[in-house]
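Both complexes below contain subunit A, partnered by subunit B and then by subunit C.
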Partner chain A sequence: MIHVLPSIIDGLLIGFVYGVAAMGLTLIWGVMRVINLGHGATMALGMFCTYFLFSDLALNPYLGMVAVVVLSLLFGFLIYGVALQRVIQSGYLSTLLATFAVNMIIIGIGTAVFTTSPRNIDFSAGSITLGPVILQGTRLLAALAAVVITGALYLFLYFTRPGKAIRAVSDNRAAAELMGIPSSHVLALAFGLGTMLAAVAGGLTSTFFPFTILSGATYQLKSFVICVLGGLGNPLGALVGGLFLGALEGIVPTFMPVSWVPVVEFVLFVLVLVVKPTGLLGAK
Partner chain B sequence: MNLWRQPGFWPSFLLVFLSGLVVLVLRQDTLRETAFTVLMFIGLASSLNILMGYTGYVNFGHIVFFGLGGYFGFFLVSEMGWPVYLAALGGGVLSSILAYIIGAAVLRLRGAYFALATIGVNEAARAFVSNFEPFGGSTGLYVNFSAYDRYGGAGQALWFTFILLWLVVLAVIVVSYLVKRSRFGLGLSAIREDEDTAMVMGVNAPLDKTKAFLISAFFPGLIGTLYFFKNGNVEPDDAFRFQMSLEILVMVMLGGKGLLLGPIVGAFAYERLRGYLLTSVIFKNLHLATSGLVLLLIVLFVPGGGVGWLRERFPKLRRWLE
Partner chain C sequence: MRRLGLGLTYLALVGLFLGFTALPNPALAAEKTVTLGFTASQTGKLNVEAIRQINGLNLWIEQVNKAGGIKLPDGTVLKMAAKFYDDESNKDRVQELYTRLINTDKADFLISPYSSGLADAAAVVAQQNKRIMITAGASSDSTHFKGFSLVYMTYTPASLYLAGAVDLLAKLAPEAKKIAIIHEKDKFSTDSVNGLRKYAEGKGYQVVMFEGYDSGTTDFAPFINKIPAGVDAVMGGGHFADTTTLTRQLYEKKVQTKMIALLVAPPEPKFAELGEACISVVGSSQWEPVAKYSPEAAKAEGVEWFGPTVADFVKEYQAKYGKEEPSYHSAGGYAAGLILQKAIEKAGSIDTEKVKAALDDEDMYTFYGRIKFDTTPKAHGLQLGHQMIIIQWQKDKQGKPEKVAVYPPAAATGQAMVCPVR
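The block that comes next holds the complex of A and B.
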């Protein structure tokens, strides 16, 4: 048991960040009924944003996160206005393809501009030793940031007017509109927030893993798995699902080859979808 | 049904038949390679259309059947020494069996949940094959060159494979049309429009969906075997490209989903566009972004696809543009 502990804790810390990315995806799904296939590309943009702020402006990655938040929120509004607003009513196939088109555009331009050679942020925040466990500073800070973000999102959704409007639209768009909520603004806001969460998660990931413009795809798939585990449309479930997946990624390699991890993840994903589509935490 | 009297069938059939014939008459190797890719995508897009266009179930894992069926067929050729046409049939049958098993689970889901599950199936299959030793793990399998001798050397074998592919794609088109015009096909359309109502009206939705899934999965297995046989090797990253699943989807949308001619036009247009973008000086580095932009414009402004738009614009042409 004791030799598994460090890898579990490591996995849990990364799981927080996975959770943030998945929260973005699940928020967009819950409010807009859109599966955002551009989520991974947005994460990659978050990574690059953090990277350039750090390498060119020598900005601390965690301070740089503030800039990432603002930029990605605006970017989310832009994508919503250009690609989604027109098709939001016309069914999930159109929105899937629209977000996929956005994904292709971002990846295409990103590949041309940044190439696909891996980069990493050479930033160390020391480490803490607790008995047999060594905790990387960057991962601790990332987990901490993830907790702060989750808390802020919770406060926003439950205690502010725009947040309540988001939840109302997510419950019943037609009824919310009848109550005078401008649903088009709310949808834009939800998409902006979802994009922001993706970009921040990307930024946090970039502090401990090397990345390219294509890295987002892996995390996007993980986000799908997490959303389904936690129940699509349930932000808290996404965080729990993220922790679960992180821990799983820590535990599985201790008793089988690491290359089997995706098999376990995706089989679990399909099983949960089929047996309990509302997620492990979902109602009923 | 008498196919001769069906005006909607002939444009699609003749388009594929004649383009294959032209390649066979000209006998140029580079032309054959281009035509092989285009025909392959026509076959994949048309078979996806049976599930996605007719039944309304968006499958992001269509390439799983191409990959797994192709892997199995390739295994039969290279390890068991089967002739390629029998191996391709084996690949197709295996794909259908897999579709039956996978379908029993995921076809109970609807809409976006089904779409998500198929993404999972795609990734699980790729990850599984990368670790499955009889299929060569992550390095894949290579064909033994003596396998080509049976067909009179590698050059002849490539032509033989091309003819097989051509016949398979023609078969896809015939089957697509027969399905569309049958009672079964009407049931599928009813499921697409409103599954609950269809069931109330007496459509056996679970059975019909499963049948559509089986038919849709059979052809990618065949095509996969031929494709990998032509390439001489097969590896997981090549066989389960999520990107390719999406490209096939884009082709169906581009031409018009639910139409016989749609995927054919879509596959052709997409391949030409990609070929042009890849070779042009200005767009070489931006071909992905440009394809994305084209897709976005289609989704936003021409949701019926090219053929769908023509049908809407020129009602008189409708009987020809099925």
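The block that comes next holds the complex of A and C.
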């Protein structure tokens, strides 16, 4: 049983990163009512961006994250302008298909350019020993970065004008427009932020796990589970859901074969949908 | 008198003619072309390894023909000719094409495609049509447990991939007792670790952990956390991506053990990119250019040497294919040719039964290592002589990772080390 504690802590550290990815998805849903199927592919782009900054420009992956933030924000604006702006009023199916198309385009180009050979960022941040627990430096730094990003997002949403505008559009788009808030700009900003969170989560993941252009699909699925666990549209719920899922992934393999992890995750997903569809912290 | 003189002259001329024809004369010797049939995965997921294998085989064909072919005792000179098709890395295509190679192209001998799966598909066709096939790039044991009598293996079987690591552990740390095995759950890795477990337990080791992970797993922390304290060796792994991640996480989690021995990834040059995490990690390879197999070492073991030396093979390969160092796939392709050449020379014929008998008797050292086959009906053709080369990553004088062959002694270029304290 001595290995359970280290496994829970390892899982929780990854859970922070899962939480950031899910926050991106839930933010886009909460503000725009768009199910972003390009989320996983964006995460993969974040991984590649961090990888090339590290391998070609020898940039520390955590410093590289600043560039990932800027580039992914711009990329989010681009996707919104090209693929979503015209169909945002056409209902869930149109936006779902539009984001699915974006996903296919990214994966198609990514496969042709990067191939599907696994890549690895050869960066080690050592490890810290705390009694029976040995914490890997990369996971610890990723968790810290995730906390910083969550804090920054909170401050942005609650204490800045654009952040307040996002919340206003999320609460009542028509009323927000009547108050003079340019909803189209706000939606673009929300999509940009969601894309940025996905890319940053991908970048942080790439510091400890190998990846290909297809790796995002797994994390996208996890993000959906987390969003439902925490409550759709609730960023704090996403973080809590991420931690919960991470801990679960740490604990389950200590008692049963690792192939049972997705079974447990999706049973939980269905149970939450049946018993408490608004999620553990309630949907917004 | 004149008649007598003419008669004597006539007799002398006849005698001279008969004398000339009775002497072996290379210029007049019969030349026969032997067709070697095979498929090469020139496209599809196996194309890189398959092309390397074919490069090795083609080099052997070129060298045999350049040296005047294989000379049989009756004076016949055999020249080698390759007949091959692209199998697209597809099992169904393999069976179709090997049938064509035998029936339409009249191939005398067959060489397998690369990979266990494709070689297994081709072996069925070879056996059904009574053609000898040398499997050049396949390590699955199961192909040889199907009752085939004409299929001969070049590679060390998968079940023995890490057997050398167990032997090395016994030498390096005689007090070692406990082994933890963490492995990918695909066919190759499972076959390998099942063989490893049997071998290790047979040598008196206790396997204290035996856990499989799904292909594509990236987080090994739950497995690493389960490794019991006081384990003497961590073994297993799977393919390149998962094994490198496992290695890195073992390092970051400061796992204390005397040996880490993993499948597939360690011999790859890219493994060095792990830096400090790869130091002391042991891996097994079918062959390495640094191997020190030599006619002298073979003589010391009382086994015959056949073919070029390691240095000559590497030099000739690079002369033909540019600066790329030959991989074990290339060496396997060349070695498959050598196996056949030796058997044909010994049989003095290309008759299937005679060559089969010679192959059954074959026991030799080559640049690729020792070659000897199982001849029991239960596992006929299984490779018994060839040993995996155990390599270890150590630090060179500049402190950079350097690959060193450490086992078996016939191939070793350096001394093995136990894992440093992490």
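General observations
Criterion: the second predicted complex is superposed on the first by the 280 of 284 C-alpha atoms of A that agree within 3 Å, B and C clash if a C-alpha of one lies under 4 Å from a C-alpha of the other, contacts with A are read in each partner's own complex, and residues count from 1 in each chain.
The rule is short, and it goes like this: contacts are C-beta pairs under 8 Å (C-beta built on N, C-alpha and C of every residue); 3 or more make two chains touch, one makes a residue touch a chain.
On a predicted model such as this, the values are computed, not experimentally measured, just so you know.
In the three-chain model built by superposing on subunit A, subunit B and subunit C fit together without any clash. The angle formed at subunit A by the C-alpha centres of subunit B and subunit C is 70 degrees to the nearest 10.
Contacts of A:Val274 after superposition on the shared chain: subunit B is touched, whereas subunit C is not. Once chain A of one complex is fitted onto chain A of the other, the partner contacts of A:Ser259 extend to both subunit B and subunit C. Among subunit B and subunit C, the chain that touches a larger number of residues in subunit A is B.
Of the two partner chains, neither subunit B nor subunit C is touched by A:Pro162.
Taking all C-alpha atoms of subunit B against all those of subunit C in the superposed arrangement, the shortest distance found is 9 Å. Overlap of the subunit B and subunit C interfaces on subunit A: residues 257, 259.
Remark: subunit A residues 29, 33, 35, 83, 86-87, 90, 92-94, 96-98, 100-105, 107-109, 111-112, 217, 221, 224-225, 228, 232, 257, 259-260, 262-263, 265-267, 269-270, 273-274, 277 touch subunit B in the complex. Subunit C contributes residues 185, 212-214, 217-219, 221-223, 225-226, 240-241, 244-245, 248-249, 251-254, 273-277 to its touches with subunit A in the complex. Across the interface of their complex, subunit C is touched by residues 3, 6-7, 10-11, 14, 118, 120, 122, 124, 126-127, 129, 134, 136-138, 209-211, 249-250, 252-254, 257-259 of subunit A. Subunit B meets subunit A in the complex at residues 58, 105-106, 108-109, 111-113, 115-117, 119-121, 123-124, 126-128, 130-131, 138, 242, 246, 249-250, 253, 285-293, 295-296, 299-300, 303.
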